[in-house]
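Please find the structures below.
Both complexes below contain chain A, partnered by chain B and then by chain C.
What follows is the complex of A and B.
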């Protein structure tokens, strides 16, 4: 549809409030963070311009690179495991098996519980002395496998990912809503052609919910990049910074009053987020073409 | 005509939406300013209106000082009814509290009164120019004489007091005599060599000799490291700096210490460490005097009575008896434009420095203060022992946390984890601390 010249003025007027708010609450803070990332600043006294010093400093810090690696891994697991798992559950529940409403509620329930409460709950589960996991292992005679789950280099990060990856309710509900909008006639036609349930899902449901799947993958990966509270509460980045993530890294910079370094880390977090979004868009654009 | 009407309607809708948004923002400002009016007094009305002082405090909830300090504030408010009111804002998470204080100072909205614990923060906040200068008020001998000798000077920045040293952390080593007796140990070790023997005996009986931690600020392990530094490096270990070999030697002590801890030490926080000691799963512990009230309240029956208090241990021929201490809480106030409010704040600070009140606070909580409180009949026996031992100590050093820059303190827990996991040698552990301080 062609936009008429006189409509442009109206469009501008309608866009203006949103644009003003976006500028006020996003562009200006991001600009401020970007500018101050070039300064040495303790957050209290006047900032001193230091050029690229903060960036050189964080790039030479192995904890920063470990945090980036963990964040990327977290985002990949979010997009590659959590969302497909959510889709699988949505596909199963869409067939309305017995008790499907109960399971839908059960899977969504953790979404309304605070992440902090969940982290505390899992910290107790993983506790090496009194935790449920070690207790169960000892009870079934596998006591030699009981370990300090969050204090061991090999198990700490996987333990955090494992508990979190099963919280799929949010994405499941989005995709379930999309599935219920699919016209029943497609399935009826497929049934007449002899397609069984799995084939129906592969050839009808999944292609038709591609849009919401893409949205869920984007959201999950972005949430993965922003991860903070579970890491802070479960391990605080330990053992030996093995589970550190970018937000925790910048939080620690702030705690040492290194606001210049924290802001340089923020800029890197924003850039990592932008790269991930572009990557997802690129992958899905290519898949859609095919 | 119809088009013009449509445009006018569209414009009006947009304008009303925009105004609604900004009105909402404005409304928030108004309520804030209303709050600030009610929270403080300004201008002409200062002399007649009640002065409200905000005090975000961590001495609330389960904190040992909560009850008596709360009573102190209540009685001050009662005595100054209709003139001054101190409003306590409760904070139970110290990290969150520290963050709030830093943020509010940096944005120029420092609370009227607040506390902090590190000497690095003392310097930072003093430099900010946003704190009330208490130097002239402390010239009043009646007030300054209530403080322990020389302690006011330790809280000065460029010769000025922007904060009062208030709570003094005296750290002691505590032994559970019942558990020691159960493995045939009747006397408390006085050297690390003796300690390792006791630890071996406890370990053989499946009792955790100590409980260590690495999460958050690795508090109790940081205290053990401070004691190791005192034993190896002597009274001026911090002045020599991180290049002193004592830091490496003390790291070796920590390595050994972690062979005598519970399996959950890596990643454990203070709750875990306290849990082990309070429930008699671990036998040896270190913490400040303030923990005594919690041990009495939360520890298993008889734990408090079974405790032996000890000073630092000797190492490789060095004399035992050193004590670790630090100012645990400085009290500061925000710079005020309103003289009436400044006066009210000083009045409150003087009130909470009263010797009898501080003695009551000390007796009830087990905490020790920079005010010359008295040892009375009500003073807990273990607290009195700590005071006596620390007074008689050949020397005292600060905690590692209080003596080192914030960057080094923050780098300590992950470096300690690296040391315990065997990823860092003691030399590399110290190198990590030095790198953080670059």
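What follows is the complex of A and C.
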């Protein structure tokens, strides 16, 4: 609709609240962390300009690099394992096997449960004395492998990664919706040519859902970078900072009143996110060309 | 004859392959279902046992269902207060969020004006900002407003950070609504507000419900900022509440498990009742954005 003159005032009134909230909670905070990351600041006395001091400080911290490494690993597992598994199940359910709607409902279930409740559920599963996993191992005679899963340096981080990898419902539903939109006539033509189910998927379905696959990989990796509550609740970064992630690192900096360091970590987190998005775009642009 | 046997060999080969494919398909389908349901079911059954039963054997069924565990969890941790806090925050934030987002979406989808594309671009980037990176500024903002440790802080913050996604969802629905009908209403003398309230909003109800579902679930499940911005017992939400069970019931496991079940029961019941809206609400932001 063309803007009528007397509507201009009304449009301004309608846009203003949204724009104000967005400015206050997105634009100003991002500017704020970027600027204050160059200052030394404990939250009480006035900030002192220190140039790149905060960055040098966190870059020389082993825990920071451990957190970056864990975050990257987390994002890669989410984008590289969880999303492909979700695609596999979307392909299977798209052929509407018996009870597929029930299974879709079940797979999506973890999505409505809070991260903190899921983390507590898995804390109970991993519990070294009474947990279900050690219980199962003992029941089948593999009791010697029972261990304190989250308290052991070797197993803590893999355990943190593994439990959500099989919660595929969210990405599966996105890709399944995309598959449902594919025109039936493609498959009819393929059937006449004698292509079986698996070939149809490889030559028709997968190329046609590349877009939603890319969306899912991007989302999964971004969620991976945002990770906090699982780590905070299950291990709080331990043992020996093995499971620390960037958000936990910045949270701890903030708790010790090192606001400058916290903000430098925030900037690094935002930059890592931007890099990941650009990287995924680059990779998919290249794939689409070929 | 030879043609016939060749054909039957091909058919047989195909049959074996089909059986194998079908077998693996069902292994996968059932694996993912068991993986999701079994731990939840185990937690629920354990929450009905006595601690002694649980320590004795994590697999056994409760001899007598201990509903008392649920009463304990409710009383010891003041769960009622936390649930009502969560409801207040989630409902208020959702109403504010959807109202502001639909006003903005109306302008973005129905009118052409300078700056429209810029707003849209900013919101697209906003969806992808890792919000957990903004703990320090959000804390400062609410300190300056004097709202730290109040439900108001959570309401404002949740309404604000859900804005980009809600706007995407609602804008998508409003854009698909044909302009001619609105033009006709305009010619008939219907004003800006009349068209918005009497026409656009009722006709894009599905979009509003979808956005509201997304926002409500996000608010209900939010932990990071509830943990940062609230500290006293009267402002705790349910997610903070169950986290403190880990300290309170270090020996009373079964009551802790009962508390976890209490916290997730509303989500699961809501999901069962409004499955369609929940699924489309949680995923349409991704598809439309």
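Keep in mind that, in the parts below, the second predicted complex is superposed on the first by the 265 of 290 C-alpha atoms of A that agree within 3 Å, B and C clash if a C-alpha of one lies under 4 Å from a C-alpha of the other, contacts with A are read in each partner's own complex, and residues count from 1 in each chain.
Note that a residue touches a chain if its C-beta (ideal position, glycine included) is under 8 Å from a C-beta of that chain, and two chains touch if they have at least 3 such contacts.
What you see is a predicted model, and the numbers here were worked out from it, not measured in a lab.
Using the contact criterion defined above for the overlaid structures, shared-chain residue A:137 touches neither chain B nor chain C, since it reaches no partner.
Legend: residue contacts after superposition of the two complexes on their common chain; A:109 is shown touching chain C, with no touch to chain B.
After overlaying the two complexes on the shared chain, residue contacts for A:21 are found with chain B and with chain C alike. When both complexes are overlaid on chain A, the residue A:182 reaches neither chain B nor chain C.
Of the two partner chains placed by superposition, only chain B is touched by A:237; chain C is not. By the touch criterion stated above, A:10 is placed in contact with chain B and with chain C alike. Counting residues of chain A touched by each partner, chain B versus chain C, the larger count belongs to C. When the two structures are aligned on the shared chain, A:45 is found in touch with chain B, with no touch to chain C. After overlaying the two complexes on the shared chain, residue contacts for A:32 are found with chain C alone; chain B is out of touch.
Common to the chain B and chain C interfaces on chain A are residues 10, 14, 17, 21, 129. Taken in their complex, chain A has these residues touching chain C: 1-3, 6-7, 10-11, 14-15, 17-19, 21-22, 24-30, 32-33, 36, 88-89, 92-93, 97, 103, 105-117, 120-125, 129-132, 135, 139, 166-170, 173-174, 177-178, 196-198, 212, 215-216, 218-219, 222, 225-226, 228-229, 232-233, 247, 250-251, 254, 259, 262-263, 265-267, 269-270, 273, 277. Residues 7, 10-11, 14, 17-18, 21, 99, 102, 105-106, 124-125, 127-128, 130, 214-216, 262-268, 272, 406-407, 410, 413-414, 417-418, 421, 423 of chain B are the ones touching chain A in the complex. Here chain A touches chain B in the complex through residues 10, 13-14, 16-17, 20-21, 42-45, 63, 127-129, 147-148, 150-153, 156, 235-241, 252, 255-258, going by the rule given at the top. Against chain A, in their complex, chain C makes its touches with residues 14, 21, 25-26, 28-29, 32-33, 35-37, 39-40, 42-43, 46, 54-55, 57-59, 100-101, 103-104, 106-107, 110-113, 119, 122-123, 126, 128-141, 157, 159-161, 163-164, 167, 179, 182-183, 186, 192-193, 196, 217, 220-224, 227, 239, 242-243, 245-246, 253, 256-257, 260, 263-264, 267-268, 270-271, 275, 278-279, 282-283, 286-287.
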